[in-house]
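Read through the structure below, which is laid out as structure tokens, and then see the notes.
As written, the chains take the letters A, B, C and D, and residue 1 is the first residue of each chain.
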Amino acid sequence: MSEHLPILVVLIPLFCALLIFLAGVFQKRAAWAIASLATFLAFAASVKLLALATAGGRISYRLGGWEPPWGIEYVVDYLSGYVLTIISFIAFMIAVFSRDYVKKQVGLDREVNFYAIYLLLITGLLGMIVTGDIFNLYVFLEIASLAGYALVAVGKKKGAIVASYNYLILGTIGAVFVLLGIGHLYMVTGTLNMADLRGLLPGLYHSKVVLTAFAFFVIGFGLKFALFPLHTWLLSAHSLAPSAVSSILAAAVLKVNVYALIRVMFTVYTPEFIYNVVPLAEIFFIIAPVAILAGSIMAIAQTNIKRMLAYSSIGQIGYITLGLALANETALTGSLIHILNHALMKGGLFLIAGCIIYQTDIYDISRLKGMGRKMPVTMAAFTICGLSMIGVPLTVGFISKWYLALGVLEAGRWYFIPLILVSSLLTAVYFWRVIEWAYFHKAASEEALPGRKIAEAPVLMLIPIGIIALFCLIFGTAAFIPEEFARRAAEFLLGGI
Amino acid sequence: MKELIIIRVVARLMIPFIQLFALYVIAHGELGPGGGFQGGVILGASFILHVLAFGLEESRRRLSEKVTDLLNPAGLLLFAGIGLICLIGGGMYLEYDRLPVTANPILASQLGIYGIEIGVGITVAAIMVTLFFEMAHRHDD
Amino acid sequence: MMIELIQGKYVYWFYITLMMIGFYAMIAKGNLIKKIIGLNIFQTAVFLFYISIAVSEGSTAPIMLAESYGSLDAGTVTYTNPLPHVLILTAIVVGVSVTAVALALVIRIYKTYGTIDEDRIARLEQESP
Amino acid sequence: MMETLHSPLPLYAVTVSLLAALLIGFSGRKPNLREFWTVSAAVVKFLLILGMLLPVLQGKVIEYSLFSVVPGLEIRFKVDALGIFFGVTASFLWIITSFYSIGYVRALKEHAQTRYFICFAVALSATMGVAFSANMFTTFIFYEIITFCTFPLVAHKQTAEAFSGARRYLTYLLGTSIAFQLAALFLVYFTAGSLDFAAQGILAGTGSKTLLTVIFVLFIAGITKAAMMPFHSWLPAAMVAPTPVSALLHAVAVVKTGVFVVVRVVLHIFGVDLLAELGLGTALAYFASFTIIAASIIALRQDNLKALLAYSTVGQLSYIILGAALLTPAAIMGSVMHIVLHAAGKITLFFTAGAIYVAAHKTKVSELGGIGRKMPFTMIAFSVGALSMIGVPPLGGFISKWYLTLGAREAGQMPIVAVIVVSTILNACYFLPIIHAAFFKEPSPPGGHGEGHSHKAWPWEKTRYDEAPILMVCALCLTALVTLILFFAPSVFFDLAKMIAEG
């Protein structure tokens, strides 16, 4: 059975999404259980796949039995195994978290749709990761995006629908750009298989069509993962969506789109092309620092906790792109660890914000006074994720910054060191503010929240947060685990297949 | 309502033929131009014609929300399920010649594609109808 | 030179123009429905581009005819490349889905705000955050 | 090569107070049990460290590798002469401070006592961690832990003033350590490929002169806990903390961690030879001299007793850096000796400041007239501490100043000798008047100072002696005694200092 895992990891959430629709006609309560089970199975399959890929190298699956250049191929290698595991893990955590959250913040009548669409989103994301066919990538991208638009609008917040609409318009532009890029590549090579493209393209690197295609890919995926000047949709979409959705959007959707760009950069094109033929690195060297600084500074200015987290995502994406541009193994390792890091901590932080909002309806940071005592577990998790975001040693955030910084030095671009450190400081400013309000200030008098005692969120919401926070620590102390996978993946990307 | 009488009579006459044609297109997809998408759209169009002629409520009585809600995923499940059954036959996903219903790979392949076209047809038709109902229905709540 | 560029590759100019029209509508129009129309034009332009790359002069539809069955001679008949058509069929379905979701959102926006004008919605949002 | 013992003792020494912190947290409702944990952890920790002292004195090094975070970044402990020196100092003074703290918080009925003791214990763990770490990465982690877990202690009063002080404390310490120290770490790892401490440093012959200078400057700027000017102002700001906190943390644990790390960097990252070759030692020495003089001058103008002590600390810490920067064996000995001598003296002074606050509610120098007659033990201890600070024999402070002067001469830096002399005079100028006022001036009439307590006579005016609680007085007398003993019997510390100076 394990040879079918690459397709099963996509099929499980798909089947379960359909099952939820089907079952939802009769029994609405089963939705959560099916979604949790599906994401768990996908996670288990991902772990197994990662183990297989680590042991035996590239796993290829021929869909419908057709040979690769003609048929659709699914590929699990170091990189996709690594990202697959991260994304399916986060998806599982968020699914577990959602039970109580969705009941209250989304509403019972939309529960079935929520979970089914959520699973479709996961299907799209996992599909994007495993597919080795570039058009198939586009199809999964659109499945994930459509589910994403729908999920943003599912909440009760009024502005969310407009946010979703804007997300849809810009997201579709991005997807169409990707489609155009694929079309250009197909025009000159006549193939859609990534590995095949890699073999055919080098002779055409200076062809304008191939260059244009690359530009379309960068802009298209850049729009999807909120690369700095293309980030405007992210703020309202991430801050107004229900927190569980913000969490999956920030932790998984952004990451998978970054992954897709990495795939295109290193598997369809080659390091030789992206670093020597096109001035991608030079562009990223300008964009990434601006993104890092602007994201952090704007985050400081926010009073709404979810908006703060949304802005900080823009800065964090900047780190990942910086690592991509540096063109050495250490920096790329840092980038890949940062994908894990950001998935864990931003996913965790949005869930934590969800807990707070679920219990208190508080969005304003200054009203979190005394929350450390009222919601100790939640705030402890917040602190850990926050420290990881700052990059304090023994959290996973430090590891990614460590490798990024070493990569920066290796590339001889020492002037990015102050950038990394300053942005850490800025991050410390906006997180410490919350931590101080929560722990060291006396709670505001109860009149602020009439007739309501603030207590901890339900256990099923706390467990995922706790696990995520724990992993921030585990991967910060036993960092050789993610480092091993990330370094192998980086080696593999830069070294060629 | 009187001015609708011509429309209604014509619609009543046309709908069975449209549906028959839809089924033909779906079934023919394996060998010639046609298939689940096209057939499904035609099938869906027949229901939409019914709605236009007879009104939302009358159509809903014939084709309830529950049924379309069931048909939506059911078609897809049929598609994906056939693909999955191929695994049992020892093939890859969607490798129809390994469909464990017959030993003849060509027949198995044909059956597989039939099944899939039917699945696609059901879903497309159901989605069309659902979309139309959702858009036409005025949510006054 | 210029004439040649326009004449020889007029298909591309056509689709670029179409694409820009759609793009303009998506960015500049304040009416949310018009944006969706722009979106569709934008997508259609790309579909046409795909179809155009499949064509080669004098080619026929890629249907295997009875008379050529069994004696497949690649040299005699030129087929249109069917693959882009298949891809675009998928892309059209995706496009329809996007349009459907967008329209559903607009309906909900209209119900919430009573308008589908972007500026007015922004003003309403500012008044009651 | 030195003999290396592999033993988890350093780990135990670090974690024993972490364990205590847990137990303290669980027994928050029973103050006596809670205090029992604090005290027993302090004692156990001290005994563990004594257990390591003997092998170290025999010239052995105790090592324990905990785990690797990633290849190249290892959490590893190594107990050498310098580490055990600092460890013994801090752990011994923790025992005394524990008793003092108990007296202090109970006398003042402080709020959040459990949090107070937990943070205290964690801070001590982290201090031991710094003392026993075998590489810069481990040091950095514990350095940051100290910063984080002392924040609640500094902000303990939770008033607006306390928060602004604590925020400045955090901004300076965290800000510079992330901005500069971490950058230095990146650069060291990048150039030397390792962060381990080695007897002759690890950077020799690795990078260009400019790069090494940049690293050195980043280190000095990044180790703000050493309170070198211009990054000193967190220390006076942190004086909003309760007095035992100021005493232990800002005379021993926090600031000494700072200078300890500076000494580590000078001796074991760069190495004496490399710094001499680069000429950076002299530059640092003059920089430290500036801090010494400037801080003493500022101290002259302080009326708040704790602020005065804070500025005095700023100056005294720079002695230690000065000694290390001179790079001669005698100067390094003086520098290392000053770690323990200043600790003993300054903790006495802080203890007395706390005792005065508890017993008489006075915080200002100008209010201390005649207080020596009411609180004779306290003020005698104060005098001992102050005289040790000035460097009057037969008190401990004399030894370190003697060796520093010797070292400065050895290095041929006569201006530095002058700096030491001038600063001694300045020290005398701000300490002696207090002693004079305390013993020979008439008590200022109640109500004459400060509008806060102008309305009634204090109870202490009726009785002749009105000392602070017995636990506090005992503690401060003990530390004063230690200052005295250290002059006559510095042997253990002396031997260790010699080992350090000789590498």
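By definition in this document, contacts are C-beta pairs under 8 Å (C-beta built on N, C-alpha and C of every residue); 3 or more make two chains touch, one makes a residue touch a chain.
Here the structure is a predicted model, which means the values were calculated and not measured.
Enquirer: Name the chain whose C-alpha centroid is most distant from the C-alpha centroid of chain A.
Expert: Chain centre farthest from chain A's centre: D.
Enquirer: Write down the chain pair with more C-beta contact pairs when A-C is set against B-C.
Expert: A-C
Enquirer: Suppose every chain is reduced to the average of its Cα atoms; which one is closest to the average of all protein Cα atoms?
Expert: If we average C-alpha coordinates per chain, A lands closest to the whole-structure average.
Enquirer: Would you mind pulling out the distance in Å between where the CA atoms of chain A average out and where those of chain C do?
Expert: 29
Enquirer: I'd like to verify one number: the distance from the centre of chain B to the centre of chain D, where each centre is the average of its C-alpha atoms, in whole angstrom.
Expert: 80
Enquirer: Once you find the CA centre of chain B and the CA centre of chain C, what distance in Å lies between them?
Expert: Those two chain centres are 25 Å apart.
Enquirer: Between chain C and chain D, what distance separates the C-alpha centroids? Give it in angstrom.
Expert: For chain C versus chain D, the centre distance works out to 72 Å.
Enquirer: Mind pulling the residue numbers of chain B that touch at least two other chains?
Expert: none
Enquirer: Sort the chain contact graph into one of these: line, ring, star, complete or other.
Expert: Shape = other; not a path, cycle, star or full graph.
Enquirer: Using the touch definition from the top, list the residues of chain B that touch chain A in their complex.
Expert: Interface residues on chain B, with respect to chain A: 66, 69-70, 72-74, 76-77, 80, 83-84, 87, 91-98.
Enquirer: So in the complex, the part of chain A that touches chain C is made up of which residues?
Expert: 135, 138-139, 142, 146, 149-150, 153, 158-159, 161-162, 164-165, 168-169, 172-173, 176, 179-180, 183, 186-187
Enquirer: Under the definition above, what is the set of chain B residues touching chain C in their complex?
Expert: 32-33, 37, 131, 134-135, 139
Enquirer: Taking the complex as given, what residues does chain D use to touch chain A?
Expert: Going through chain D, the ones touching chain A are 67-71, 73, 137, 140-141, 144, 152, 155, 158, 163, 167, 170, 174-175, 178-179, 182-183, 186-187, 189-190.
Enquirer: Inside the complex, what are the residues of chain A that reach chain B?
Expert: Against chain B, the touching part of chain A is residues 4, 7, 11, 14-15, 17-19, 21-22, 24-25, 61-65.
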